[in-house]
Amino acid sequence: MSQNQTRAADVIRAAVLGATGYVGGELLRLLAAHPDVRVTHATSERRAGQRVGEVFPALGAAGDLTLEALNPERVRTQADLVLAALPHGASGPVVGALVEAGLPVIDLGADHRFPDPEVYAAAYGHHHPRPDLAAQAVYGLVEFARDRIAKASLVGVPGCYPTATLLALLPLLTRGLIDPADGVVVDAKSGISGAGREARTESLFAEVADSVRPYKVGAHRHQPEMAFHAEALSGRPVEIFFVPQVVPMSRGLLAAVYGRLAGGVAPDAEALRTQVAEVYANAPFVEVLPAGRWPETRWVDGTNRAVIGVGVDEATRRVVAMCAIDNLGKGAAGQAVQCLNLMRGLPETTGLPAVGTVA
Amino acid sequence: MSQNQTRAADVIRAAVLGATGYVGGELLRLLAAHPDVRVTHATSERRAGQRVGEVFPALGAAGDLTLEALNPERVRTQADLVLAALPHGASGPVVGALVEAGLPVIDLGADHRFPDPEVYAAAYGHHHPRPDLAAQAVYGLVEFARDRIAKASLVGVPGCYPTATLLALLPLLTRGLIDPADGVVVDAKSGISGAGREARTESLFAEVADSVRPYKVGAHRHQPEMAFHAEALSGRPVEIFFVPQVVPMSRGLLAAVYGRLAGGVAPDAEALRTQVAEVYANAPFVEVLPAGRWPETRWVDGTNRAVIGVGVDEATRRVVAMCAIDNLGKGAAGQAVQCLNLMRGLPETTGLPAVGTVA
Amino acid sequence: MSQNQTRAADVIRAAVLGATGYVGGELLRLLAAHPDVRVTHATSERRAGQRVGEVFPALGAAGDLTLEALNPERVRTQADLVLAALPHGASGPVVGALVEAGLPVIDLGADHRFPDPEVYAAAYGHHHPRPDLAAQAVYGLVEFARDRIAKASLVGVPGCYPTATLLALLPLLTRGLIDPADGVVVDAKSGISGAGREARTESLFAEVADSVRPYKVGAHRHQPEMAFHAEALSGRPVEIFFVPQVVPMSRGLLAAVYGRLAGGVAPDAEALRTQVAEVYANAPFVEVLPAGRWPETRWVDGTNRAVIGVGVDEATRRVVAMCAIDNLGKGAAGQAVQCLNLMRGLPETTGLPAVGTVA
Amino acid sequence: MSQNQTRAADVIRAAVLGATGYVGGELLRLLAAHPDVRVTHATSERRAGQRVGEVFPALGAAGDLTLEALNPERVRTQADLVLAALPHGASGPVVGALVEAGLPVIDLGADHRFPDPEVYAAAYGHHHPRPDLAAQAVYGLVEFARDRIAKASLVGVPGCYPTATLLALLPLLTRGLIDPADGVVVDAKSGISGAGREARTESLFAEVADSVRPYKVGAHRHQPEMAFHAEALSGRPVEIFFVPQVVPMSRGLLAAVYGRLAGGVAPDAEALRTQVAEVYANAPFVEVLPAGRWPETRWVDGTNRAVIGVGVDEATRRVVAMCAIDNLGKGAAGQAVQCLNLMRGLPETTGLPAVGTVA
């Protein structure tokens, strides 16, 4: 039919690199519902030759694609655009080859989140493989970089913790609501899928169930990422003390940002809430709750939404802003698709779930 | 815009009665994604006057509707079609009034699952409120009643346990694979949302977590429902011993049906699998796994899918067929929307999720 | 046998008031293993006449006691000592009558946690029923009040959040490690059993699973309790901003206390750790981890232990101390039994579990 | 003190081989509370040199033992008795050496569960390493082998599934309540700790949560074990069709045994219940529920108890018996300690928990 032919001509052929991790799987799930994208290529080193559906039976008909080992030349012939969900360090060289071959790349790994290769090197303990690309990549925090993403050929999708933290923190900084000199504490709780699908003892059900587990307190690699972009996007440097914790759930992430009310600002939760809401007035996936209400992670499960609550304690002038996201959604695959939409001139919301489940 | 106006004219205005339970909430979630339905009316006795989004923040923009107390006259003016998710016994009288007023009704409660009011009375311990309607209602097990549902004005959506059980059992009966005289055992495991959203001690987190709980062994009201329709749809009476159990998960249901291989049938799992797959050759939501593989409930979470595995033990000639569904999806709201599609002449799959999540 | 007769004469006959909540049930569990205590009386208004084992089958032989409605006169004749796990507000009058009748009382409710009735009234919104008793009660935070508890006839057992918070916070204050003028933030995560065994929608499995839920942010009644006793036990007033959160587990509680390193103190985690460890040198149930390690709640599940980790961020001079307890153990029933031991001159550890499970 | 010296002289010095798996860890937990046993030696190949407490912080003071690589000679000098929780196949040769050296051994692995090496070979796919020892080992299902265990020098502790299944099934067989010729179906649900502590993708939290997973249907190695001992202990051969399933919990196991009422036996649940209860009249850890009640796994969590429910369906003459155990307790480490008690002439209940938790 001619209509279908016309449509097929417009469809974006996407490659998903690293398709058998949780982020890769979520990309496949989301893209299966995207009206303008077709996943034509998916890679996995260990499962090459198998069908996606053997790895992820939940994907149903969307699992009907054979996994291949990663070969940049083959990617180039199979796809118009690349989403890379590769392990830390592995994406750098591959992405370089693909970008040079003219393919737009959305990198969900850590290698293109820092324009400054020195900052990257300090955080990750080794030189950046392609300093030239680091500087060229756009940090894909959509709500604060729409225009730049729309023009980018290489986007570094923010980490899950930085996404939730920055969405809560940036309005406080840009509106002058907290005192940057006082620093902030970020106490974050995440589902275990954030640790990936590697077979590790500490990710076993019987190790994660019935427990809260703090880890890498003050030493997580997402801390320099948050600090760098908090300053880059607000113009105000702020010290961040970051405390990540695993809680017994598969998905979901809540970041609580604690700061001190700036001098001269009244401790009025409703007024703070209004200011934060103004920042997100045109952000279709961000909801700012009424003062006195706080987000639960299950509200955003499976969606690309971010829900924010903000408050202030009159006695202590302590400000708290919380942001709930799905770590695999807005914290990874969802935000990547949001970037894809902008890069292709599509409405930001195209194909992205915004309604969650009630149980 | 004229295109939108045209579309608006075609949109089905749906009322959801009992919108604040888990089934009601899932209906709202699914219908928010349905291209041809708009929920124009939602009722709740206890939460009347509140926004749906106050009850279910997960629904996001789909929660922007004010709940009203149930008033059949008001339903009639607000909606073209009714989905009723009311407590046992409450739906009978209301549904009667609405059907008489000419509204098509899809009843997710138990009152219209038995054409024979006597069977209903035996199972539920009281007379059927409207024996005339009982006989008129169509049992909405889509895969075995498409044509009748398409013509129905009143559909009784099957219970969650009967849906999974019958999807596994009926092919064994209709193809003569098991001996009906031997009877079957159904050992089923369900998430707790099947018990509803009532505040009951036995549904508390700390009572359900870390436990398997058998209940109403051999005495559950879904047993007569299964038995009645197993015979009605296969022509072969079969005694069912039904054992329901709650396991620590919010959603999902697995029914294992155990029977005895019929005399003269070879104990060949692959051959059995082929026969079952033939029954569902044209069922877009039913997948029959290769012999030797078995379904997990998380594969169907959030979807309208049913995944079936079938096997046979050579030594004991014991046959087992398992079916995994989402109790709120194919086991309730999803199947209701599937019925709606058929009643309205839409493709059966319209607006229904078939791709699940990977974590 | 004469030995048994001698022993029986020494056994403490204990009454548990409010025996069918989670705290009451945990008291019955712990006391069943206590060599010097026999529970001779257990009360419940709603389940009076039933056996304890009908309510809590997990208790096995320890459930072989018939519940009675609360009658102070009857308690007096049946018991030598009382443990009251009654709802807020209900314990005041009952406890008064029992104390006047000469019975030692350990109150696990909130009514005897504040020596100052005005502070109580501000926190709970009504006058204290017995201001005279409020002043007489000893706050049962064992590690900081052993001597006073040993002489007390009325002990108010600390709340779960204050227990974990104060165990982490008090060493920082008494050793001058943090600047009290800067205030502290307490971000705490609790299992749902802390909300009690009432049948409430928000405690249902399907509402708690897969979610983190902040609640009563800056407005929880445990905040004034923490603040009052932090000052009372350290001599240093400190403002506390308290943020409680429910995470998907039945038991367990982790409190993270964030403060600012005091001027003149070096940001040396090992040195801080040593100071905190010194405070608990003689506390058999408190373990202070090596610097750089952090406690998980499952390590203390089912025990009376508290595990503490402490650290400091050099860049921001931010101090964090975390304490993990079992909210029903050290956070309620365990600490009550620890108080009982002291009140009776028994070794503090008598009958209390200190070894947890590995899965 | 002389009393302590006397006691020390009596203490059994136990070695735990394979101490860092879930079964090994549970042994350490249980033995820490045993008045007559001291664990003097614990082995692990991968964690040799570390403290037990580094692997299992939950063990508290019971973790204060350094792990060593397995060396039978060293075991012999350090211990009076051995508990081996080694992987399948690894225990055979080691146990042989230790038994020959005169040490009593309790083997929690599979290598000494079959007196007939041919049955072992068929189930495990390789020859038995020591056929002579296979014949000498006693199957440690305590309730049916007390006298033989008391005299044994080598005990093979039953698997978790066979323990629960045989406790439910054997009374039905020995009392002639079901027809063995009809065979039985065993539908069992287990927590994931039964799969061990190996780092495997399918045991990850995000793979196990929110799901029921059937596996090895009709093909699990515990099936021949059940069938062999069902016949050996009852004198009646019975075909078993065994269906294991993982449910989202760390611990706990429920086995449902479905059979057909024997000819001539009245379908009277109360009478059946009485007969089953008689079988366990002298079994301190087995409770048989009143007719119409069914066990939940959380009732036995952390204990050595087994709770059994039994019923019969009049219409279908179908009998069901269910047994709930803790797979790490009565299903492994608890039963091993029960065997140890018998082997040493101690009361069967010594040191074993019989009271579970209420949340």
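Which chain is which? They are A, B, C and D, in the order written, and residues in each are numbered from 1.
One rule holds in what follows: a contact is a pair of C-beta atoms (placed from the backbone, for glycine too) under 8 Å apart; a residue touches a chain by one contact, two chains touch by 3 or more.
This is a predicted model, so every value here is computed, not measured.
Expressed in steps between touching chains, what is the minimal separation of chain B and chain D?
Shortest path length, in steps: 1.
With chain centres defined as mean CA positions, report which chain is farthest from chain D.
Greatest centre separation from chain D goes to chain A.
So which has more C-beta pairs touching, A-C or A-B?
Pair with more contacting C-beta pairs, A-B versus A-C: A-C.
Quick check: how many Å separate the C-alpha centres of chain B and chain C?
46
Centroid from C-alpha atoms only, then distance chain A to chain B, rounded to Å. What do you get?
Distance between chain centres: 36 Å.
Roughly how many whole angstrom separate the Cα centroids of chain A and chain C?
A distance of 40 Å separates the two centres.
For chain A, which residues are shared contacts with two or more other chains?
Touching at least two other chains: 22, 191, 193, 197, 206-207, 209-210, 248-251, 295-296, 298, 301, 359.
Is the chain-to-chain touch network here best called a line, a ring, a star, complete, or other?
Graph shape here is complete: every pair of chains touches.
Across the complex, what residues on chain D touch chain C?
22, 25-26, 28-29, 32-33, 56-62, 193, 197, 209-210, 250-251, 287, 295-296, 298-303, 305, 307, 328, 354-359
Show which residues of chain C lie in contact with chain B when the two form their complex.
Those residues of chain C that touch chain B are 22, 191-193, 197, 199-201, 203-210, 248-251.
Which residues of chain C touch chain A in the complex?
Within the complex, chain C touches chain A at residues 183, 185, 187, 189, 191, 206-207, 209-215, 217-218, 239-241, 243, 245, 247-252, 254, 256, 258, 294-298, 301, 309, 311, 313, 315-316, 318, 320, 322, 324, 359.
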